[in-house]
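Next come two complexes, and both contain chain A; in the first it sits with chain B, in the second with chain C.
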Partner chain A sequence: MRRWFMALAIVMLMLSTWLGLTKGQIVPVQRNILYVHVPNSIGALLCFAVLLVASVAYLITDRQIYDWIAAAAAEVGTVLASILNATGMIFSRAEWNVWWTPSPRLVSSALLWFLYVVYLILRTSLPGSPRRRARICAVFGIIAFLDVPMVYISARFIPDIHRPDFSFESSWQSLALMLGMVGTIVLAGVLIWLRTDLLRRRFELENRLHD
Partner chain B sequence: MFYLSLAFSLVWLCHLAYLLVLDRQLRQMARSMQARAETPLSSADK
Partner chain C sequence: MKSAWSGFKAIVIKDLVIELRARQVLPTMIVLGMLIVFILRLVVEPSSGRAEMPMMAAAALWIAFLFSGLLAQERSFGVEQQNGCIDGLWSAPLDAGTIYLAKLLANVVILSIFEMVIVPAVLLSFSLRVTGRWLDLVIVLALGNLGISSVGTLFSAVVQLARTRGALLSIVVLVVLLPMLIPASFALLVLFGAMPEEVGGSGTLAFVGSFRAAQGYLLAFDAVFIVACWLLFGVVVKE
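Moving on, here comes the complex of A and B:
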């Protein structure tokens, strides 16, 4: 089942890349980076939404599975946010000849990446019982999520180099982007699933070793 | 064109590498759990 979802995500991402670089090509050529930049940003934001829901669920129910899902979502979200920032910087260099500019969306995106790196560091370095660590991380995860709406709305309400009113010239372009977004979301889901399973099995193995 | 290739290569490399690493770790974990289940307890464990 999991293999099927992995294959589906890869096929959709391949189709998106092929369509984006052939039938749906945007001129000038560097703007085609948006076919990977936008899906990864949506994927990262959704991962952080999963982290928020799992953290709230953990605090309410105290069930271990939600802590594992939160940890997995944070890790996958951080990888996608790293890709988001890296592709954004490459686009900025190609389009405006600068690697970085202090615009609201860029700063809020970088801040988001730092917050989730801090979350991952907290998970491994906090002293005390695993339960205490999970509760502190859940609270931090909820607070860190406050930056997500800021990333989304920053370009709409504050003057920015990002254009929220971007429109496509052909339906191939919309299709390529849509396939990229769905493919990235499926991929993020599979990655969270794999990571959660890995954490659960590691926990079970440690328990067996201690028995 | 260079920056476009750089961005696409980076994304594909990260996605596939992360997917393969997690899949491999999971299979290794499943193997060690199976080995643990099949190994009888030694006298030291008892």
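Moving on, here comes the complex of A and C:
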């Protein structure tokens, strides 16, 4: 099952790249990075939403599966946010001749990356029982999310060098971008699923060792 | 209600008395703050133009508050680890939220004492004038103080048993406070005369917009952080 989803995601991402670079090519050439950049930004944000929902669910139900989902979402989100920032910087250098500038969009993307990385460090450095660690991480996830609405959502409504609204010239371009987005979301979902499963198995193995 | 209030008072007074008698952290905080101000003052040469003074001063103030604030917050629950005082605190007939608010108030008071020393030091060493805006300056500093202390106090209770507790506390607190520092810096830049009252354009500071808006953002962050930390404190300290 998981394997099929993974294959589907990879096919979609390959198709997206191929379409984007042939029929749907954007002029000037550096703007084609959008086919990677935009899907990754959506994916990184969705992973944060998963992290938040899983954290809240853990605090309510006290079931460990939600803690594993939150951890997996943070790991996948870190990768997506890294790609988001890296591609953004490359694009910024080509388009505006600076690697980075404190515009609201860029600040919020960097913040997202920092939040993920700190979450992962916090997970690995807390002593004590796994339940205590899970609760603390869930609380950090919720408090970190309080930063997001202010920075991310309101950043859409003010003038910025970064334009979220991009007008497509052909339907090939929107098709390529759509494939990229769906492919990235499916891939992120499969990876979260995989990591959750691995964390569960590790937990069971450790339990067996201790018995 | 009455017992919650007396417990609240007892914790605040206990923390402040310990600090004033043993002077565990205030001298360190003040020296660290002054060193930060001094180092950043060295970077601004007289020849490089006076426009840089207010910018560097705003940076120096917030960096000094953040890092010295971290020292106070780390001690806040660190001091309870000795002789197992922490067990006494948790077994007190008090709601966890009340303990949080008491610790928060003690931290806010300690950081305010620190501010009373460090703010004049910054104003003098960067030769700044805040003519007629003293009340605004006090409001901005107090709002910043509340925000810094609110998140720090919550996570101070969390990191105590970790091997790298100071380092861990600093990254956790700084990353959560990062967005709040944008309106905070904006407000100080306006007060120090480095920026006009309202800013347009496309940068992060233009995002804040005006001085009033910056104060509004600070107030909103404080309210959200304090309420969230107060509600969630019971969850993180439960064993």
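By our rule, the second predicted complex is superposed on the first by the 203 of 211 C-alpha atoms of A that agree within 3 Å, B and C clash if a C-alpha of one lies under 4 Å from a C-alpha of the other, contacts with A are read in each partner's own complex, and residues count from 1 in each chain.
Just so it is clear, contacts are C-beta pairs under 8 Å (C-beta built on N, C-alpha and C of every residue); 3 or more make two chains touch, one makes a residue touch a chain.
The shown structure was predicted, so the numbers you read here are calculated from the model rather than taken from an experiment.
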Quick check for you: in the superposed arrangement, does A:197 touch first (chain B), second (chain C), both or neither? first
Looking at A:71 after the superposition, I want to know if it touches chain B, chain C, both of them or none. Which is it: first, second, both, neither? neither
Quick one: classify A:112 as touching chain B (first), chain C (second), both or neither. neither
Classify the contacts of A:46 with the two partner chains as first (chain B alone), second (chain C alone), both, or neither. neither
Quick check for you: in the superposed arrangement, does A:142 touch first (chain B), second (chain C), both or neither? second
Taking the superposition as given, does A:81 touch the first partner, chain B, the second, chain C, both, or neither? neither
Touched partner set for A:33, first chain B, second chain C, both or neither: first
Based on the superposed arrangement, let me know which partner A:59 touches: chain B (first), chain C (second), both, or neither? second
Would you mind writing out the residues of chain C in touch with chain A in their complex? 151, 154-155, 158-159, 161-164, 168, 171-172, 175-176, 178-179, 182, 201-204, 206-207, 217, 220-221, 224-225, 228-229, 232, 235-236, 238-239
Listed in rising order, chain B residues that touch chain A in their complex are 1, 3-4, 6-8, 10-12, 14-16, 18-19, 22-23, 25-26, 29-30, 32-33, 36
Chain A to chain C touching residues, read off their complex: 59, 101-104, 107, 111, 114-115, 118, 121-122, 125-129, 132, 135-136, 138-140, 142-144, 146-147, 150-151, 154-155, 158-161
What part of chain A is in contact with chain B in the complex they form? 6, 10, 13, 17, 29-30, 32-33, 36-37, 40, 79, 82-83, 86-87, 90-91, 93-94, 187, 190-191, 194-195, 197-198, 201-202, 204-205, 208-209
